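The structure follows.
Labels run A, B, C, D and E following the written order; every chain starts at residue 1.
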Amino acid sequence: MEWLIWLIPLLPFIGFLLNVFVIRREREAGLVASGLVAAAFVVTLIAVAMLAGMPPEERRIVSTAWEWINTGSFRVPFAIMFDPLTAVMALLITGVGALIHVYSIGYMHGDPRVVRYFAYLNLFVTMMLFLVMANNLLLLFLGWEGVGLCSFLLIGFWFERKSASAAAVKAFVVNRIGDAAFILAMLAVFAYFGTLNFYGDGEGGQLGFLERVSDIAGLRIGPDWQPIFVSTAISFLLLIGATGKSAQFPLFVWLPDAMAGPTPVSALIHAATMVTGGVYLMARTEPLFVASFTTQAWVAWIGALTALLAGTAAMAQWDIKRVLAYSTVSQLGFMVAACGMGAYVAAIFHLLTHGIFKALLFLGAGSVIHGTHDTQDMRRMGGLKDAMPTTFRTYVIGALALAGIVPFAGFWSKDEILAHAISHGHTPIFIILFLTSLLTAFYMGRQVALVFFGTQRDPSYHPHESPPVMTVPLVVLAVGAVIGGAINLPVLHWLTDWLEPVLHEKAGEFNLWLALIATAGAVGMGYLGWWIYTTNAAKIKIGGKDPAYRYSGDIWEGMEEAWYFDRLYQRTVVAGFERLADFLARVFDPQGVDGLVMGVGRFFGGLANGVRALQTGYVRTYALVFTVGVLIVLGVMLWFAR
Amino acid sequence: MELILFLVTAVVAITGAVAMLLARNAVHSALFLLLNFGAIAVMYLLLQAPFLFAIQLTVYAGAIMVLFLFVVMLLGAEKVEDAPDRIAWQQPLALLLGLALLVVSVVVGLGGATTPPPAGEAVAQFSDPQSLGALLFTDYLLPFEITGFILLIAVVGVVVLNQRGRKI
Amino acid sequence: MVPTSYYVLLSAILFTIGVLGVLLRRNAIVVFMSVELMLNAANLALVAFARERLGVEAQVIVFFVITVAAAEVAVGLALLVSIFRTKRTADVDEVSTLKG
Amino acid sequence: MNQLGFPLLSLILWLPAAGALALLFVPRTNAELARRVSLATMVIGFLLSLLLPLRFETNPMQIAMVGAPPVMQFVEEAPWLPIVGATYSLGVDGISLWLVMLTTFLGPIVVLSTWDSVHKDVRNFQILLLILQTAMIGVFIAQDLLLFYLFWEFTLIPMTFLIGIWGSQNRIYAARKFFLYTFAGSVLMLLALIALHLLHRDAIAAVDPSFRGTFSFSRFVSDLRAGRFTLDTTTERLLFGAFFLAFAVKVPLWPFHTWLPDAHVEAPTAGSVVLAGVLLKLGGYGMIRYNLTLFPAAAQWAAPALAVLAVIGIIYGAAVAFAQSDMKKLVAYSSVSHMGFVVLGIFALNAEGISGAVLQMVNHGLSTSALFLMVGVLYERRHTRELAEYGGLWKVMPIFAAFSLLVALSSAGLPGLNGFIGEFTIIAGAFRSPLLGWVYVAFAVGGVVLAAAYLLKLFRAVFMGDITQPANANLPDLNRRELTAFALLSIPIVVIGIYPALFFAGMQHSVAALVAELMAQVAGS
Amino acid sequence: MDSLTIPPVDLALMAPLLVVVTWATILLLVDVFFIPDGRKKLTGYLAIGGLMVAGLVGLPLWGVTGTTFGGMLRLDPFALTLTWIFLLVGVLSIAMSLEYLPSQGIEQGEFYPLIMFAVSGMILLAQGTDLIVLFLGIETLSITLYILTGFAYPRLTSEEAAMKYLVLGAFAAGFFVYGIALIFGATGSTRLSEIGAYAASRGLGDLNLTLLLGGAAMVLIAFAFKVALAPFHMWTPDVYEGSPTPVAAFMSVGTKGGALAALVRLLFEGMPTLSEYWLPVLAGLTALTMVVGNLGAVAQTNVKRMLAYSSIGHAGYVMLGVMVAGEQRGPEAFIFYLLVYALSNLGAFAVLIALEHQGENAWQLDDFAGLYQRQPLLAVAMAIFMFSLAGVPPTAGFMAKFYALTAAWEGGLPWLALVGVLTSAVAAFFYLRVIIRMFMTEPEGEPVPALNSGLTVDIVVAAIGTIAIGLIPAPVFALVERSLVALSGS
């Protein structure tokens, strides 16, 4: 039983080890990697089945491998667990992961470092599984940083490209800012609960902190003039951690750059799984968040703002992947906002459906890129629907799902979030999110139009459909994107029930009016986007400006630059730090600190020269000094003799 | 009477010393020092030390001073201080220090003069050349021997230092 | 009878003059003379104390001091002669190459 | 005696010195033989030292206790300087155990690293390395304060020569600075040592007139604990300060760090490895062993202020490291930052902090040594340490890149590797410490962020991007010896990351005993 | 007074002294009449033999305590131990002169008897218990040294040094005599024990205090001059630099040793009850000495001159032990330090001589450049001496420093110990500089000729002694400790 759940992360890990140490050939690497992830998926399925066979309130398997850290009172086990929330995450990771592995066989074919690629990918899956399966914050953090590492490796996979290596480092470092907060949160949890475990092992041992959140009810810390609730402090720190990993405002800037990695990586890591880690974290530590109204409000607002901000940015991108990247940020904002409003199930639901259809979109984009010989600029595309029919169809399905059009998966999950916002009175949030959902439809319409409709604007390449090893996963995912919403349809709300032991949420009510309006809006905006860019297709020049630019002017440029946040950070934080570091390194350290040290040396050198100067060489001077000494000695002795 | 003699001698001694200090010519210095030594020899008489009186006159005033004069003449070093002093601050500082030293040593010297002088008879008897000589060869035999060695060393030294006989 | 303190006072004055001689005079021979003056001053004090203490030992000491002084002067003058051969000067300030 | 019945510690201690002696008989020109003898000595030394953790009793109640805590194991004692009561006494406890192991473990690696980098006067280089090894082990295992000081100061001599003879351009400046700075730092400790000895002697002699004084560490501790020997507050603080200064310079704690970059930059690779790997640990070790154990009240008094310095060091070191374009300087300043964590942990004055500090010392020893080896590998191939001269090496040296990434991440504190465990335990300790608290930690974690920034900057500049310099296009990947060295270092880096309990277990009792006393002081004050 | 009764004289108590003096006098004649020019080395060997015989003669006297010449001379283990050290210094100095003198063209047979005379002066200082004997001892030593300093004839600096030394030495002698006069005036005696008894019996209140203290101050000044305590140290750098190197070596240890031995007797037999007056003064001088000596050395590029300044600094460290000689560890620290310093410093001077060949002065730091590559063993030996002088473990210098500091602290002078450690940090700078030159720079000078036997013996003895005492100091400590029981009893 317990060994089974250990098998889930271990299978990909074995793949990692094999790919690092044993396998040297591309073919074997792909097969082994995909096969083991697929096997992990199967094992997960079995585990889920077993979980389902248990009474709902006992659906949690905890397994400790060894004492990880044991010093003083600080004890952390290396323990994983498997419960409904983990189960759905693990299914997503291994399922989508397996498909992307398969897809990668085709996409990465011929790359000289493909074995390494699959090793990284396997390692990523392992770490992601640890992230969702950890039974304590520290192990979660291990996975959290592990996926960050893999993200770094994979973004920088084509390290020869300057942009790739820069993006890789940026992703890691920006994430680290969030991680710092995460670490502080862990310390605070440990300080107040004495443990980092989420749950007890169910065998009468110490309870986990998620089961004892009431312990800190009403506790405050901080200076007397501004005490804050402990729960607020902890959850807020966790929120910062989540904003890093889930690319939320203000730490979202790394994700668009991360698109420098291979496209399947973008699909897996920067759409379906890793970036959802923050959402998962908030869902997992939901009791802490729920305990703090303050944090919840922050969460909701951050999510909503991010959604809107990234949604606008997505509208103005030319790079096929950057559109999707900003879209991802935007959708993650939806999920985070959902968490903030207490709609954790909806967040997870959206996470799952988004994982599927965004993976589909990215893989589709990858297929496009693959078929157009590494073209990413949409201005150089156009009219690809005939050359790449499967890709086109699946892509449109994905786009519809993302736009939130009935009955595709995205509709149901997004609708659940919006409905929750309305029913719980979060009107401003609702307005922002609704607006964003309209924008979503618009930019997806725009993208589909730009890529697949019209005529090919850059004749320098001959587009072709991708091989089956790539299109089959597309089809599979497309199916998922169509029917994915089924897992939590209104009335049935399977997912809500399934997650009930973890998130303790009741199913929300289906709001028909909202559904109608939203769908209508989405369809309208999607069509609008499609229409604008099909009719204006002729005006789009390679390297030229967007047709919409005429109407919006600089605002459009602002959107294109994601409201200049990246540049702002570069010019203030980054440049400021660099200048400070430079000052410290070139001026303060050598001249200040070391100058002081050397000054001591110089001081003694000066004294020494004084002694030297006194030594004039004239014997009469010596006698003079002698006499001074005589007077001193006599004087002192006589002074004492008084 | 004794006091007057003392005072006169003292004035002579001090005059000699100061004159030695101030004389530009080394030969004059030597002669003034001779005067001073003579005055001190008189003091020894006043202090009931006739043996030392003799020694002072023969060894100091006689031998040593002749040696000095001889060397001055030999080297023609009567006037070496015609050039201005190179160490500007030496002179004022030295005078200042000298003054201070004088004050201090006077304080020291007077501090010890608390006991009244011993009675006349005992003083008159306490020292004669004979007892002094006896002391030299009994209790002070060791220092006496050492003094001999020092003279030996001095002889060796003078030889060594000038044996490397180059002509003047 | 002249009090001992008078003699001590005189010796102090003479001693100081001797010290000043060393500090002020540049002629090496005069410097030696000044040292002799210092020794003489000390001797005077010794003899004076000898009378006060009725201790003839002090006079013995004076005897030794005179002898040693003679030895010292002999060596000193020999050295001076030796230096004069090469440097042609008896100015102590001229003998100042060693310094610093 | 000890649990083995034979003087294992003496053997471990003097074996390198004996090797050095043996090397004297190796012809000066026979470099290869000299290296082999040296390597063999180091390997045997390491294998011997493996007996320590194997036979180390993690529950000291099991062995016959000699005196009061700290309970030393493998104890040896022999008369040395009876006139002042100094003895030749050795022992290890859970705190020194792993530091000794670190030293012996790094020994062979250091020798391996000299193979291709040192060609001048090889025999004498190896002799100095071996002597240095003895001195460093001596510092960790000496249980007599005078003996400790002897070894402590002696480490300066071989290290100065290693820097000054085999270093690069500015080696003389660096060697001189290293020697003078650290020497000046320790002179006050000598005075404190003497003061402690005399104060203790007078206190005990008041009761037992036949007592002639001692330098025995355990005797001091037991008398202090039993109240037979007390220090008034001012004296204790002064003594604490005198000891601390020496250790702070060695660690080096900000602002006493400026000798370190110079020494590191100029030292030959092996020298940097030893310097970063072990020598800096002498300071941290000293703080725990002497400052905390002997002067708990003063430690408690000074902890907040010293922790501030530590935190400044963490941030400052990281920032300055970030701005460097010289790889060695970058790594050197990273040491300032990392050792700041160690000091922070120590002055958290609780079990988490202190054991985290000990582990972090081991971690830093492994990671930073590896980083210096990395720089050394590059320097041997290209003879420059400027970041701008590199780039894209991932392509030509993939194995090297992999190891470099591993150690960079280990140094940056990636969970699953050793550095994280140490740092996290330390800040956990600092967070919970009533003397420090969350403000300190908030700044310290800033160092975690910056660590990633400068280490990845380093990695990126060297390995990522395209190959711009033609000279880099055909660099050979690691050779067999380099591979061995890196592989050896990687093992503990990973093992500590995933199973640190193995290492914590040994130190648990020693640290607990120490902390119990510290806590008693906190409560008593 | 008809017959002269010479007080009983126990010649056995001054046997080493007698041997040295007699041997030296005879050697003087033997040299003139039997030893031809160019073979004066033979005189040197004979002198060494004499010093060794003197040392052997002393062996049966170990543990004997007694006075002779009516209490003017005292033999006790303290004096005997010092005598041995002085003899050792003499032997080593002569050994390093054997080749030096001819190579500098100043070989004269009188050199060796003069060294022996100087040694006898030092022994006198160690044994004397009467101010007049101490005065004569100092003069014996001084006059000899004036001559020896001016020995390197063609070199004007040698004569200059002798001149300066003589002028200042005579100046100091004046103070000594004046001091004796004042002390006699106060106490009516020059015997140390009687002075001590007088001071103790009278109590400080009604004592003729000003006179006594004034006298004591002047005598102390004279000793301070000999020991080269600042500010009476000014002669030292010039004289050391100017004098023939073996003489400088001899002086650096010998003069200090002798004067300090006498100082110990003077302070603790003559005026122990006055310590509250002289201790602060001496402590101040000591502190100043450590500071000035070590600072002065910092600025030197001439190694010989640097060693001169360093000897001033070391005088301060030895004083740490001397001042607290009333305590158990004081005299031990003094003797131990002196021994260690003798070995290290003589060794350093021997290395200096090794570089100074064919009349050429090779004292600049640059002359040491790359010595390690030119003469590795010489460089290693010099490094050992430098580390020892700097007080770095595991050399003997560390042990000596440690012990001196311990003694000072124990004697109630912790602040002085503090000055001591701080200045030792400064001192490390210039010792290290020599090491750096030798090991870390490229050779500039010519190759160093092979060492001659006398120097080799010197250097080897000194180096081995320095290391051995550093590692296993216990036996030496035990020896020193046992030699001092008598002193602390007196």
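Throughout what follows, a contact is a pair of C-beta atoms (placed from the backbone, for glycine too) under 8 Å apart; a residue touches a chain by one contact, two chains touch by 3 or more.
Composition by chain, UniProt nomenclature: C = NADH-quinone oxidoreductase subunit K.
What you see is a predicted model; the values in this text were computed from it and never measured.
Trainee: Common contacts of subunit A and subunit C?
Mentor: Correct list: B, E.
Trainee: Report back the single chain whose CA centre is most distant from the CA centre of subunit B.
Mentor: A
Trainee: Report the chain closest to the protein's overall CA mean, measuring from each chain's own CA mean.
Mentor: Going by the distance between chain centres and the overall C-alpha centre, it is D.
Trainee: Could you give the separation in Å between the centres of subunit D and subunit E, each centre being the mean of its C-alpha atoms?
Mentor: Roughly 43 Å separates the two chain centres.
Trainee: Measuring centre to centre with CA averages, how many angstrom lie between subunit B and subunit C?
Mentor: Comparing mean C-alpha positions, subunit C is 6 Å from subunit B.
Trainee: So how far apart, in whole Å, are subunit C and subunit E when each is placed at the average of its C-alpha atoms?
Mentor: 26
Trainee: Would you kindly tell me how far, in whole Å, the mean C-alpha position of subunit D lies from that of subunit C?
Mentor: Whole-Å distance between the two chain centres: 64.
Trainee: Quick one: which residues in subunit A touch 2 or more of the other chains?
Mentor: 601, 612, 615-621, 623-624, 627-628, 630, 634, 638, in rising order.
Trainee: Where in subunit B do residues touch two or more of the other chains?
Mentor: Subunit B, residues with two or more chain partners: 86-87, 90, 94, 97, 101, 104-105, 107-109, 112, 115, 131, 139-140, 143, 147, 150, 153-154, 157, 161, 164.
Trainee: Which residues of subunit E are in contact with two or more other chains?
Mentor: In subunit E, residues 132, 136, 139, 143, 146-147, 150, 153, 163-164, 167, 171, 175, 178, 182, 185, 209-210, 213-214, 237-238, 299-300, 429 touch at least two other chains, as defined above.
Trainee: Who touches whom among the chains?
Mentor: Here the touching chain pairs work out to A-B, A-C, A-D, A-E, B-C, B-E, C-E, D-E.
Trainee: Using the touch definition from the top, list the residues of subunit E that touch subunit B in their complex.
Mentor: Checking each residue of subunit E against subunit B gives 1, 4-7, 9, 21, 25, 28, 69-70, 72-73, 108, 110, 113-114, 117, 120, 124, 130, 132-133, 136-137, 139-140, 143-144, 146-147, 150-151, 153, 178, 182, 185-186, 208-211, 213-215.
Trainee: Which positions of subunit C touch subunit A when the two form their complex?
Mentor: Residues of subunit C touching subunit A: 19, 22-24, 26, 92-93, 95-100.
Trainee: Quick one: in the complex, what on subunit A touches subunit D?
Mentor: Result: residues 66-74, 78, 116, 138, 141-142, 144-146, 149, 152, 156, 159-162, 164-166, 168-169, 172-173, 176-177, 179-181, 183-184, 186-188, 190-191, 221, 577-578, 580-582, 584-586, 589-590, 593-594, 596-597, 601 of subunit A touch subunit D.
Trainee: Can you tell me which positions in subunit A touch subunit E when the two form their complex?
Mentor: My answer: residues 601, 604-605, 607-612, 614-615, 617, 619, 621-623, 625-626, 628-630, 632-634, 636-638, 640-641.
Trainee: Spell out the residues on subunit A that touch subunit C in their complex, using ranges where they run on.
Mentor: Subunit A residues touching subunit C: 612, 615-620, 623-624, 627.
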